[in-house]
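The following block contains the structure, expressed as structure tokens.
Naming follows writing order (A, B, C and D), and every chain is counted from residue 1.
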Amino acid sequence: MQLAMIGLGRMGANIVRRLMRDGHDCVVYDVNADAVQALVAEGATGADSMADLASKLEAPRAIWMMVPASLTGKVADEVAAVLDEGDILIDGGNSNYRDDVRRAKTFRERGIHYVDVGTSGGVFGLDRGYCLMVGGPDEAVQRIEPVLRTIAPGVGEIERTPGRTGDLTPEEQGYLHCGPSGAGHFVKMVHNGIEYGIMASIAEGLNLLHNADAGVREAEHSAEIAPLEEPEFYQFPIDTSKVAELWRRGSVISSWLLDLTAAALAENPQLDGLAGRVSDSGEGRWTVKAAVDVGVPVPVLAASLFERFASRGEDHFANQVLSAMRLQFGGHQELPAGDVLEAGARKAESD
Amino acid sequence: MQLAMIGLGRMGANIVRRLMRDGHDCVVYDVNADAVQALVAEGATGADSMADLASKLEAPRAIWMMVPASLTGKVADEVAAVLDEGDILIDGGNSNYRDDVRRAKTFRERGIHYVDVGTSGGVFGLDRGYCLMVGGPDEAVQRIEPVLRTIAPGVGEIERTPGRTGDLTPEEQGYLHCGPSGAGHFVKMVHNGIEYGIMASIAEGLNLLHNADAGVREAEHSAEIAPLEEPEFYQFPIDTSKVAELWRRGSVISSWLLDLTAAALAENPQLDGLAGRVSDSGEGRWTVKAAVDVGVPVPVLAASLFERFASRGEDHFANQVLSAMRLQFGGHQELPAGDVLEAGARKAESD
Amino acid sequence: MQLAMIGLGRMGANIVRRLMRDGHDCVVYDVNADAVQALVAEGATGADSMADLASKLEAPRAIWMMVPASLTGKVADEVAAVLDEGDILIDGGNSNYRDDVRRAKTFRERGIHYVDVGTSGGVFGLDRGYCLMVGGPDEAVQRIEPVLRTIAPGVGEIERTPGRTGDLTPEEQGYLHCGPSGAGHFVKMVHNGIEYGIMASIAEGLNLLHNADAGVREAEHSAEIAPLEEPEFYQFPIDTSKVAELWRRGSVISSWLLDLTAAALAENPQLDGLAGRVSDSGEGRWTVKAAVDVGVPVPVLAASLFERFASRGEDHFANQVLSAMRLQFGGHQELPAGDVLEAGARKAESD
Amino acid sequence: MQLAMIGLGRMGANIVRRLMRDGHDCVVYDVNADAVQALVAEGATGADSMADLASKLEAPRAIWMMVPASLTGKVADEVAAVLDEGDILIDGGNSNYRDDVRRAKTFRERGIHYVDVGTSGGVFGLDRGYCLMVGGPDEAVQRIEPVLRTIAPGVGEIERTPGRTGDLTPEEQGYLHCGPSGAGHFVKMVHNGIEYGIMASIAEGLNLLHNADAGVREAEHSAEIAPLEEPEFYQFPIDTSKVAELWRRGSVISSWLLDLTAAALAENPQLDGLAGRVSDSGEGRWTVKAAVDVGVPVPVLAASLFERFASRGEDHFANQVLSAMRLQFGGHQELPAGDVLEAGARKAESD
């Protein structure tokens, strides 16, 4: 079928390529004319404005936006200005599902179908396909199913889930109509919330392995903050890059995120040059806020988010307050690394 | 090579089968004679006592114990009584790595090599192979490498990690000599700690999806504990069994644990009959204690452990204390489900 | 000075009493005429409608609303209808500070000053005074300072903070102009967030003490979920009601919440009759959401909130998912309490 | 009565002073002769060796050790060498209760009573008294009750807990025989665990207040990690030193730790010079480990401990792993502070 793509960054461009490989007809637009030309060279039809784009599409149109979340509202309004009743506007970016709920209502009043698609797959999606979480009205989602099926990974080599028989369902092919407008990005939001938790689980575990030789280091540098009580049990110089690779095979925690971890550690076993200031995008935050709203406990997902905040020093004032309290009640001075002996001595006199 | 197996439960028996398939010679023993006979029928050599087992092995012997952690110490002593200097005793069970450190020392004094092997794979291991995390002296681990290689999954169909070239390393074949005695079970322990975190991440996320229709239910049952503030954003009746299946394809969180989740939900979409009292084995606990010992923050792994405790009601007295405090400072009565109106009214007067 | 009070529940009525005791002139209104009569009998001027109330006040008026948060918006609009430019409308309830920001803007356009007051003190406030966290325009807050000073606890018998000299500041008397509109309820919100954390800290600690005899119970009932590894270290039958009382004197954690805990346990040492279903009001939730918005890590405050959710069973589906996964990968059946032996035996074969 | 004190650091010396003020007879010893002389000048009897100390005490002796936890074992053995059957040895330091359990058993075999006393009070104890948590055999604890009563704070000006009538119990006077050997330090350990949780609650809350102006700063520095979604709700320039002072009066969270916070912020409102590297002593760690042992969920106490670890950078490798994963799956580069624009733009293309 025919689909227009607005926003030809890596993800937008790769989705277009994946569609064209499967025989779909793509009309493309981006503020960056070079990005348009690159895809025209590969067989797409280029447009040099929203109006031009609209004119090159057969009604009812289907237009997929793949732009930064901060621009989605603005771009959606611009596109809508050139659309007609019955057209379908798809937001494939990382929007907050609340914006979908609001936008869908506005566009519905104008007769335009609004479909939100949470898209997962990152840089590997061109070949691997993109997992698509879709929200919106039944009619519109059905109409764009041909492109969803192409963009999605399909069944691939993944073994069928035991107990599933008969025709393949959409979810087995990597796309799913999750519910009304907003449901797609809601499910994608939770997906990312889970992703934070899994990433943190792996990172915390590897950090423990990385410090499994604390008993050896203890012996070398005799002054440590709190003396390790049983150094004989922490004498393991573990190579985390080998362990991550090992766990890819036959372990319970084998996963794509572990594959990436193994790849990262294979490239850079000591993780040299990484400061460990971990960014977070909106989805992890929205997940925690949604859980708080509906009263669902998410201690693990929240802890993984807060670790990221702390990695960037956002815990600083809190830590200063703690040090300041300790100074008050026990005369505990903050200690520079390496000067802990006196602290140990002072210890018995406090709290 | 020749290997003896003591303990012919599901895992021990399947390891023997996997070894025999690959041409190894297995001598087997279990207190349950039927278990021995079953494997003899498949080609193993049976033994009817420890002494008999020892007599059927060529020196230097290699004996693998696969018994419940609570019995390992006792069985190890019984086996050791029939071993000679230079023999290798392997603990493939779920021992605490601290016991390995202690036992290895004792056996070393008697000239017996002690090797600890953390084994992951569960019921799928017979065909999938078992991920093997090995600790112990170099000489002994090298000697048993042929059986490790067979028991492990091998490279399988898993894509090679980018950046790795040349001969396949042991970890790429699913087994790894992680370090001195105890290192194998230490790495297995952390593996399980991570497993808890990943499982909790998925479970919390699905629970949020399960409650994404809170705004609809709100309308139906007007009295809720804390009234949902923006019910219009929680109108999604999401089918978690479909979403779990969807995420298996192309998503960032695709993983073996997600595969299992999808299988569980395919079988039983409403999870009928499950009380949600979640057990924990020792490894998750040991992981948190080890992290506390060496001063490594593991908020996510710890939270996933504590959720399990709470699922079994171990938070009960704490919750009673909270209710009791609330009664004191605000005259807040505990509310039976469904009777919250008056509480709302009382709300303005407190705290 | 003259102050009107709308909403004569326990807190509104007690504030009026506290004001009258100090010579202020109070005009009171409530939809419940009996509540009005009760205070008239104690010296207040009664009103039987908003209009009546307005007519009994000298311009510029000062009106304090003390109504459930869910009614504040409606009542504020009704009051505003009878107010004139220059009048002051005070919200002393438990509003979300975001509503203050919005309402203040609306009322400012009509020339009415809007002041938000977070009020802490509970049932003890009549005698102990109420801690007042105030937000709003300087002019209005200054004008109502005489009533704030009376409602607040004053210096009382609390020792002056070391380093503070000279005239007593407002905060030393128990009231503070925290910032522009919304700042009062923002600070109150965070106060309650901290309250949740402190309550949880005490409750978790007491729960641990309550279970310090786990090693004794272990011996009695031999089958436990995970066998206690070192029962000899958990032989303490601790009386938590005595410990709570003890800690009131000279300990680092002495606090008003501990006083309440001691009182609760003195009344009911086994906490009989409490189900431990812990409610939460909005503030704890808003605190976590605000922290997420500004990127401040609050793992402790969030964990204390999630514990409350879980105490009410909101973790149920997540726990079912965990049990379902365990069933899949290890054939682990959920265990009824008391039947754990076989599980222990099965343990060696899994994960 | 007569009591010997070994270890004349601040706490040991102040306890001696408090005892002498109340008419007790104190014999004192320390490796530092000056410390001995200082107390001799105040009326104590000095000793210049363990043997000398023993000779100056009437049988049956009572000896209180107040030495750093790391030295307690060694000093206890030295003291025991000069003791006779029926003597009482008291450990008032910060020992791990497990050491008490072990030591008490050893000393019991030699006929010496061992009493463990958890002591809280810090630098304020001389005047305020020390909260005493006592473990040990009934006979010995009864015999030393006169000194316990003196060292403890007594009833002071603290209001009696409602519901308590009749004679004052020991716990109302600030000391309590909590149970058998180890119970004293066990209760003290949990006390400190709670202390960590309360401190963290206050610190996290104040950090949120400290950042309540994020919306103002946002406008100033336009590039932030994750753009604040609703800056209009974070416009509060809150003075945390004033708020901490305010909450001391009439609020639900008034507490001694809040008093200390207010004092710290009064001295140094911006907490200049504090790096926020927060130490932890053993008790917080032991609390979490004990809770894990007995299966009691302590998410709040554990989170407060892990925050301290992270404040000292112990989360570093975990954070590097997270950054490394992000690099892999989305091509996300780590961002230096201040260079976030491009990240925002890249955002739509990922995950």
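Operating definition for what follows: a residue touches a chain if its C-beta (ideal position, glycine included) is under 8 Å from a C-beta of that chain, and two chains touch if they have at least 3 such contacts.
To keep track of the chains, here are their UniProt names: A, B, C, D = 6-phosphogluconate dehydrogenase, NAD(+)-dependent, decarboxylating.
Since this is a predicted model, take the numbers as computed values, not measurements.
Ranking all chains by how far their C-alpha centres lie from the centre of chain C, first place goes to B. When the interfaces A-C and A-D are ranked by C-beta pairs in contact, the top one is A-D.
Centre to centre, using the average C-alpha position, chain C and chain D are separated by 27 Å. The geometric centre of chain A is 41 Å away from that of chain D, both derived from CA atoms.
Centre-to-centre, using mean CA coordinates, chain A is 36 Å away from chain C.
Within chain A, residues 120, 122, 192, 195, 200, 202, 204, 207, 211, 225-226, 229, 252, 257, 263, 285, 293, 295-299, 303, 306-307, 310, 312, 314-315, 318, 329, 351 each touch two or more of the remaining chains. Partner chain B is touched in their complex by these residues of chain A: 97-98, 101, 120-122, 125, 128-131, 133, 135, 152-159, 161-164, 169, 171-176, 178-180, 182-183, 186-187, 190-198, 200-202, 204-205, 207-209, 211-212, 214, 225-226, 228-230, 232-239, 242-243, 245-259, 262-263, 266-267, 287, 290-291, 293-301, 303-304, 306-307. Across the complex, chain D is touched by residues 7, 9-12, 66-70, 93-94, 120, 122-124, 192, 195, 199-200, 202-204, 206-207, 210-211, 225-227, 229, 257, 260-261, 263-265, 268, 271, 274-283, 285, 299, 303, 307-308, 310-312, 314-332, 334-335, 337, 343-351 of chain A. Those residues of chain C lying in contact with chain A across their complex are 252, 285, 288-289, 292-293, 295-299, 302-303, 305-307, 309-310, 312, 314-315, 318, 329, 351.
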